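When the chains are written out, they are named A, B, C and D in that same order, and each has its own residue count from 1.
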Amino acid sequence: MAAINVTVWNEYRHERHNEQVRGIYPEGIHNAIGGYLKSAGGFEVRTAVLDDPDHGLGDEVLNSTDVLIWWGHLAHGEVRDDIVEKVRTRVLDGMGLIVLHSGHASKIFESLLGTKTGALKWRDDGEKERIWVIEHGHPIADGLGEYIEIPKEEMYGERFEIPAPDELVFISWFEGGEVFRSGCCYRRGKGKLFYFRPGHETFPIYHQPEILMVIANAVRWAAPAVGAGAAYGRVAPLEPIGK
Amino acid sequence: MAAINVTVWNEYRHERHNEQVRGIYPEGIHNAIGGYLKSAGGFEVRTAVLDDPDHGLGDEVLNSTDVLIWWGHLAHGEVRDDIVEKVRTRVLDGMGLIVLHSGHASKIFESLLGTKTGALKWRDDGEKERIWVIEHGHPIADGLGEYIEIPKEEMYGERFEIPAPDELVFISWFEGGEVFRSGCCYRRGKGKLFYFRPGHETFPIYHQPEILMVIANAVRWAAPAVGAGAAYGRVAPLEPIGK
Amino acid sequence: MAAINVTVWNEYRHERHNEQVRGIYPEGIHNAIGGYLKSAGGFEVRTAVLDDPDHGLGDEVLNSTDVLIWWGHLAHGEVRDDIVEKVRTRVLDGMGLIVLHSGHASKIFESLLGTKTGALKWRDDGEKERIWVIEHGHPIADGLGEYIEIPKEEMYGERFEIPAPDELVFISWFEGGEVFRSGCCYRRGKGKLFYFRPGHETFPIYHQPEILMVIANAVRWAAPAVGAGAAYGRVAPLEPIGK
Amino acid sequence: MAAINVTVWNEYRHERHNEQVRGIYPEGIHNAIGGYLKSAGGFEVRTAVLDDPDHGLGDEVLNSTDVLIWWGHLAHGEVRDDIVEKVRTRVLDGMGLIVLHSGHASKIFESLLGTKTGALKWRDDGEKERIWVIEHGHPIADGLGEYIEIPKEEMYGERFEIPAPDELVFISWFEGGEVFRSGCCYRRGKGKLFYFRPGHETFPIYHQPEILMVIANAVRWAAPAVGAGAAYGRVAPLEPIGK
């Protein structure tokens, strides 16, 4: 099987401006994830960040990306609308998209799902999260046990303003009393989306082996199929009309 | 039960500029549908058209509308983005939305679903359509037989670029050889959407009793429930953390 | 609107043989639920129990029941297969079915869903459950706040061996660290099913107002629609073949 | 990637007792399909038929089968209930299942889906079928054009008594005026099911390249993932209760 072309996109502001975050991700969240994928094998990995020209997402990059991973938080508003629209078009044309943690409030996630995906409960007190596998036969859960435990995380709680997922793979339990749909699969156009909840920048989430394994599984799951042909617009009848 | 407040929105250009269409809908498509609903009972009906101030969809109208019916075709691009956003917000807050026929390519439908809903096959040669009921227990199909037959209609054919419907109520057969998902239910935020395919302006679709009955059923189905409370944003824990 | 004919079915063994349970439900769980529905208005309520002839579910009862509520636990195996098949047929023909708590392992639930619905985690240590509303616009959640809190309950934990629900209304958080899909809607044939998790016999769950309100909401939601016609078997073509 | 172990199961009565069918499938439908899979590569293929001991589905065969293909028609009633239950258990444990054409009325399909899957319309007049791809990004549609055309087929028409598919990949148009959900994906337990409509024994459907390609795609899609762990039954709390 040919390698999957992955582009790991990161806002990359926290790591440059906040010493605590830099301590955890000295080369940025994108390189923590990208480095894992490189070592896992089967992936061709590139990274791109907000402050690159065109956010690092020029046509050449997008058109040769099989799966795009997205992490953003502070600066969703700075992402250019024309780039968002290009990413959306590429997803509908078949590119996979993995949206991580605070990426739920990104323009690209909201534009592809149509609801106000920024709306949820949260609390960054560093509490325990237990991510339960709900669909234990799903390829995104390959190799996991019954759950993933994260000792200290930011909490996200329901109601989360998303369309009901096509497949719900994970549900999180939080120490402080909330639950959350933490692994959500969608098919949109020819492309596949996966939202994966964990990943606050002040915790070493993207160094935790199960979390990285899920991300790699999700990339494989979201990689485009060849699929079938589709044509749109005015067409002649295939059968006689008005016999 | 209190009456359901329905607003029937129509682009209302064809009927004013095209004699054939005016012949079929002398008072506009909005009044053909609205008139039926008035006579059916249980609905408070208003109408609104593109060329009204604020497209007839000022805050007062939107905030007192339980279910909005949408018909547009030529002038989707003229619908103001700020009004589209208000409608979208109202739907997510619970207002029902019934999108008819060529409304599939409207800004409001695309913004709520996230895919390029304008993409489909079409042909306006006036062929036979047979709309099969797929979910015969669904309230939107109440009172129908096994199918609705329309002697002359515009054809819409798959691939239709929508997210898989939460409930698929109707599938159309076309004389010329195509099929189409013609009755599609979605839950988005607190609101419900129904897309109903039939309704080309050059045919008397909105005078056909079963079609009008389906629209009335859909309005009842989409009328808002009271629902439950929801709160968003930063919250304190409900249980002690870090025991 | 005509009253909805509800039959509340209960195994009714615990209450007769266990003093603790009898203390909580002196007239049986069926009468706790049925009594509430009677007082709520809009329902015609009957009850039936395992040890009635034909389990109280003769043809006359079944054929005049709009919605059947099911509570069983110890004696699933004693329910006659022919009665289960009759109930299943009635559901597919449009009767609503509300399955409560330990009814997850009943023959009727398993036969309608096809999976081994008895499989889940459990623990009856009397811990706190918080049932979060996930779909806050759903009629089954009408009138609730963001969640229902039950001070002492039996825990059920995922993986719960059910098909992914058509609509997931509630997710439970448990003090002991698990989560559960606690409010699951299904459409099967012409009928609607709702599984609602709470209700262990050793706790006064069916005296808690929000729980009873959800059950009443669910009965209204599951009440049959008129629906559309359906015919099966060999049919003549509607259009000429082999032109 | 390791080869996928496929078992092609066939009732194998028509071919032995009906000269016309034998003319089309001299070695049986199982060998027509199995032969294609062998030549396609990537599959280890076995066949099994109704009149084999244990229907050819002893424990050793079932336990080493990744994906089971099922064709039956006349003799659904002769399939032993204990074997059906073993197949069902294997599917819930992860084995893929591809049900073809008249297999819709088989015990195994009905027991896994819970509805009366035998109920549909039909007519074996040998009419044109056009199978439209609805989800053009789905791996089961890999390599197809917009539709598959079958010159002469048995018609199946809606209402088809199945639970709404988790993914609807194909919809058929029939010359005689009906439509049908012809490619239906389900996830049940750890396993995946695909129902594929075409395949009447009196037509050379299983010699048509696109049909065989879809079957091969479906086998790849249904092949088990490793998945995650799951445990059931009484468990101790993961967190302290009653603090």
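The definition used in the following text is that a residue touches a chain if its C-beta (ideal position, glycine included) is under 8 Å from a C-beta of that chain, and two chains touch if they have at least 3 such contacts.
It should be emphasised that the depicted structure is a prediction, and the values quoted were computed from it without experimental measurement.
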Chains touching both chain C and chain D, listed by label
A, B
Which of A-B and B-C has more C-beta pairs touching across its chains
A-B
Over half of the contact pairs shared by residue number: find the pair among A-D, C-D or B-D that meets that against A-C.
B-D
Where chain B and chain C are represented by their mean Cα positions, the distance between them in whole Å:
33
Rounded to the nearest Å, the gap separating the Cα centres of chain B and chain D is 36
Expected list for chain A, residues touching two or more other chains, is 130, 133, 135-136, 146, 157, 159, 164, 166-167, 175, 177-178, 187, 189, 230-231, 238-239
How are the chains arranged in terms of who touches whom: line, ring, star, complete or other?
complete
Of all residues in chain D, those that touch chain A in their complex
1, 94, 130, 133, 135-139, 141-146, 166-167, 175, 187, 189-192, 224-231, 238-239
Would you tell me which residues of chain B are touching chain D in their complex?
130, 132-136, 146, 157-159, 164, 167-168, 171-174, 177-179, 181, 240, 243
In the complex with chain A, residue positions of chain B that touch it
88-89, 92, 111-116, 119-123, 125-128, 155, 157, 159, 161, 163-164, 166, 175-178, 186-189, 230-239, 241-242
